[in-house]
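Here is the structure we will look at, set down as structure tokens.
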Amino acid sequence: MDYSVDELMIAAMARELSGEVMVSSVTALGALSAYLAKRTHAPELAVLSTPESGMEVTPMPTLTLGQFMTDAQRGIPLTMEDIFDAIFLDRFRIWINPAQIDRFGNVNITAIGPWASPRVAMVGSRGIPEDTSHLSAILYYVTNHSPRTVVERVDFRSGAGYGPDRERLLGQRGAPTRLVTNLGVFDFNGPDHSLAVLSLHPGVSREAVQEATGFPLSFSDDGRMDETPPPSENDLAIIRASDPLEVRKLEFLGGREAAERLVQIYERERQAMRAALWQNRGRLR
Amino acid sequence: MNKLLRHTEVVEAIPAGSTIAIGGSSLSRKPMSLVRALAARGAGDFRLIVDVGGPEVDLLLGTRKVSRVVYAFVGFEIMGLAPNFRRAREQQTTEFEEWTEFTVMAGLDATVKNVPFLPTHAGLGTDVLTVNPSFRLFQDPIEGETLVAVPALKPDFALIHVNLADPFGNGVILGDGHVDVLCAKAARHTILSAERIVSPEELQRYGRDVQIHRIHVDAVVEAAWGAHFTGCAPYYRADLAHVQAYLAAARTPETWDAYCARYVTDVPADYIQAVGGPEELVGRLEV
Amino acid sequence: MNKLLRHTEVVEAIPAGSTIAIGGSSLSRKPMSLVRALAARGAGDFRLIVDVGGPEVDLLLGTRKVSRVVYAFVGFEIMGLAPNFRRAREQQTTEFEEWTEFTVMAGLDATVKNVPFLPTHAGLGTDVLTVNPSFRLFQDPIEGETLVAVPALKPDFALIHVNLADPFGNGVILGDGHVDVLCAKAARHTILSAERIVSPEELQRYGRDVQIHRIHVDAVVEAAWGAHFTGCAPYYRADLAHVQAYLAAARTPETWDAYCARYVTDVPADYIQAVGGPEELVGRLEV
Amino acid sequence: MDYSVDELMIAAMARELSGEVMVSSVTALGALSAYLAKRTHAPELAVLSTPESGMEVTPMPTLTLGQFMTDAQRGIPLTMEDIFDAIFLDRFRIWINPAQIDRFGNVNITAIGPWASPRVAMVGSRGIPEDTSHLSAILYYVTNHSPRTVVERVDFRSGAGYGPDRERLLGQRGAPTRLVTNLGVFDFNGPDHSLAVLSLHPGVSREAVQEATGFPLSFSDDGRMDETPPPSENDLAIIRASDPLEVRKLEFLGGREAAERLVQIYERERQAMRAALWQNRGRLR
């Protein structure tokens, strides 16, 4: 069965989701993994269509239409307060894709270089501090595993990994639990809660993953490394049917190529939504 | 009781140096017509408060109207980083304070609840606490746990774009509410822009979608396409083609000045025509 | 995912000694069918948390199921004082702790926000602070003001009556929401009773009236007239004739025992018949 | 022009309301004074039909139908959070009728006798502590002014009047501003912020009001006491039209008489509401 790395990652990410929790589906990989999990082993998931609404919908990876989907599918509207309450109560899951993740699971989406005089100012910590101080499962993914993304030490801790601050102030609350990259699946059960390989994707060697990582990785003791299970035929059918425009591929592209693909999808996604909307007219708008 | 004003009247009422909270979230329902009116005027030195910011922060930074930004996020989502925000951060031309999504909400809520702070665990173990001098660690008086004290955020003004408003300031938000209700309650003065002004009778058909209450509102401005180039569900989606043009324009001072001349400074009243006119907008953006 | 249970199953799942938060407000939308089922069983020693309490607290006190009550108010509004509450307070047969409306909300919200307390000025200058040992005065870490620390309230169970629910636990509240959402979020286990069980598809037509979300709900019980003799807008109003009968019965032990035998202990399943049957109820109570 | 004391009180209470604030109308006198103010000098008031909803309705004094009125008139639904936020922001007014009010404006609805072993356990402080720590206008009314209701010192402070605690902890926030009784109108500008007569109702003497009060009252220095202005013809027309069932009279009755009247009103108020509801069917319910 042919599949691509995005599909392999989505299947691996889906396996980490279960329980009656809200699942954010802000990114395409997040949305698809949530939906795949719900359609296979975890029907109890409450998948959202936007960062704050649309509970009980079928998420469609989208650039701009999340709220329209809530409407089209009569998703349950939520508030930001509902979302953060769910986070504080540990009834929320989200796959976060940081710009940097380090050996102890600290993550950075704020700045490359010092915060006050950054070489690259990124976006700001958003809600990651809330997640990493409350959730019992903290899930990260990285689509371009390299020494620049999986680093010895992040330039800025937007999210709390392991370290003395956690020990003193947080304990296990919000500690990192999983990392899925384009090379493998990892946890934080290495020495001192450092990153450790759980499985490598088919065709990825120990050397390749070590070379792509900015610090010495932990491997399991017996020298045998599990291979990440490939997506099943059913998984692939679900993924492809829910993302016919292949929004998921955008997260693997850079610069100009991404921009071009994006414009195409942006035009076409409206048609898909319109079809859905017309089925549900009549609701008070 | 009639609070209907024009964009220019509203903007004149906001003194330079004011602290302004802005509603919406990244590319969703930002009060862009009010923001453009602010960007087009002379004095600025505004102190912005945003939770999830995007084009509104970037445009005000790009037109040099801002002396300080409190933010949890400023970006263009899938479209990339916010160019003027990035430049201002890297060149340190403006004062910034990084907060987080919930703590911005808590800071606003503290003002609403008339308390100097609200407590949370959010931020512990992160460098937000290292770089943000406003937060303080303290021992809670009940259990002795170490918590973050989030200080009250006190906006002078809030700018919020809604789907519908009546002339008294009640407002309907049909899509996601973001932190707009908190902004409206926390600000000393709240200004609504609305896609359409309707009678109180029509507005009151919307039940719990009437999220903004007039007791918290001082002025209402009619603004069709008022969120453009961000989206305003369920009426229109974000205009990613315009976002691309914006990002391209922000690359050099010359192209940026041309962008501002075309869309901000010279013709703010004719903005809708400048971006193609209502028919074209409907064709591209209505869902 | 199907959470539909019967009253008896739900009541068996609540251990004696549990802390139970109850939704509704005085004579509005109290989960009376669940409360009657609790009142009819053997063991009790429940620790109740109510904001604005009424018949539910009174009935559980009258049937000796309660060891402790946290409350901001317990009464029958225009109909007068709550007789069993009054007796228990005056004869000191039960432990009581007086809170206030907002502080009960803040105590529940502290649990939701996972913090040991929330701060407020409410209560300063009153004797609530004198008699309630749970509250603590402290100096806030930002301004040094003296504030009240409201400790987290941690219910094991919440009982809430809604207009509609789906089998997964999403619930629609059409009238006033009272503090029900806070109760549902704060409790470790939330139990809904609903006038009617509907499919998720039908329920999701109600937009923002879907106020209770299934991630916070453990069990759903179908209970037509489940709030009787309190009201459930917009379906039926409070039954003041029954309130009068209740108040008259509470005057002596004999009449009270007779009331309980008729409406609580012996025939909980036939309650609707005992109070006149659906047709008579519609005739008297539907608006 | 003939009027009764309830109508005089309602007119006096209405004069105290103005500004763009939410006004609770839980009691009949509260509802009618709010509505009268809105219809005369204060159209900007946002009058509620229940303790937490129905903004922008025409309140009808009712025993059990507040929420139905919100529905019938498409009042704006609020939440308890909205209400308390309005209180903390001083954009809320409510006429409170305490069981006891004392010389310095402390009020009691909790207990007669000691709290822990009360002679009469009443209802509990409800939301009065919130009001008396935040609002710039604190409004009380008493329908049976007597030494048992207007007392030297309340048995329990459900609401904070003046006193050392206020000076130390609250300042002016939430201090009592007005008391309207069946005998007169009062403020707290006597010595040490004690109760002082502003006006006496027509036919009420200084001696009568002093005799009905459990402590020495302050009167204005010039010995001349203003008379409470009677309700205008227009006031009376508005009051009577909005309360044809005379719910307002219940607050002046005791025991059995009140109970009988109540049952009559309870039966009849449904008819009035039904008529209103039928005009507004069609809203999603």
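Just so it is clear, A, B, C and D label the chains in written order, and each chain counts residues from 1 on its own.
Here is the rule we use: a contact is a pair of C-beta atoms (placed from the backbone, for glycine too) under 8 Å apart; a residue touches a chain by one contact, two chains touch by 3 or more.
Predicted model, so just to flag it, every value in this text is computed and none were measured.
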{"item": "Which of B-D and C-D has more C-beta pairs touching across its chains", "value": "C-D"}
{"item": "Chain centre separation in whole Å, for chain C relative to chain B (CA means)", "value": "40"}
{"item": "Distance from the mean Cα position of chain D to that of chain C, given in whole angstrom", "value": "27"}
{"item": "Rounded Å distance, chain A centre to chain D centre (Cα mean)", "value": "55"}
{"item": "Residues of chain A touching at least two other chains", "value": "77, 134, 284"}
{"item": "Contacts with 2+ other chains: residues of chain B", "value": "113-114, 121, 205, 207-208"}
{"item": "Chain contact topology (line, ring, star, complete or other)", "value": "other"}
{"item": "Chains grouped in pairs wherever the two touch, ordered by label", "value": "A-B, A-C, B-C, B-D, C-D"}
{"item": "Contact footprint of chain D on chain B as seen in their complex", "value": "1, 112-114, 170, 185, 200-201, 204-205, 207-208, 210, 213-216"}
{"item": "Chain D residues within the chain C interface of the complex", "value": "50-53, 63-65, 67-68, 70-71, 77, 79-81, 84, 87, 110-111, 115-130, 132-134, 156-161, 163, 165-166, 168-170, 173-174, 250, 259, 262-263, 266, 270, 273-274, 277, 284-285"}
{"item": "Residues of chain B touching chain A in the complex", "value": "25, 27-28, 51-52, 71-75, 78-79, 81-82, 85-86, 89-90, 92, 98, 100-103, 105, 121-128, 130-131, 146, 174-179, 205-206, 231, 233-234, 237-238, 240-241, 244, 287"}
{"item": "Residues of chain A touching chain C in the complex", "value": "20-22, 43-44, 46, 55-56, 74-78, 82, 85-86, 88-89, 91, 134, 283-284"}
{"item": "For the chain C and chain B complex, residues of the former touching the latter", "value": "113-121, 136, 138, 140-143, 145, 147, 149, 151-152, 207-209"}
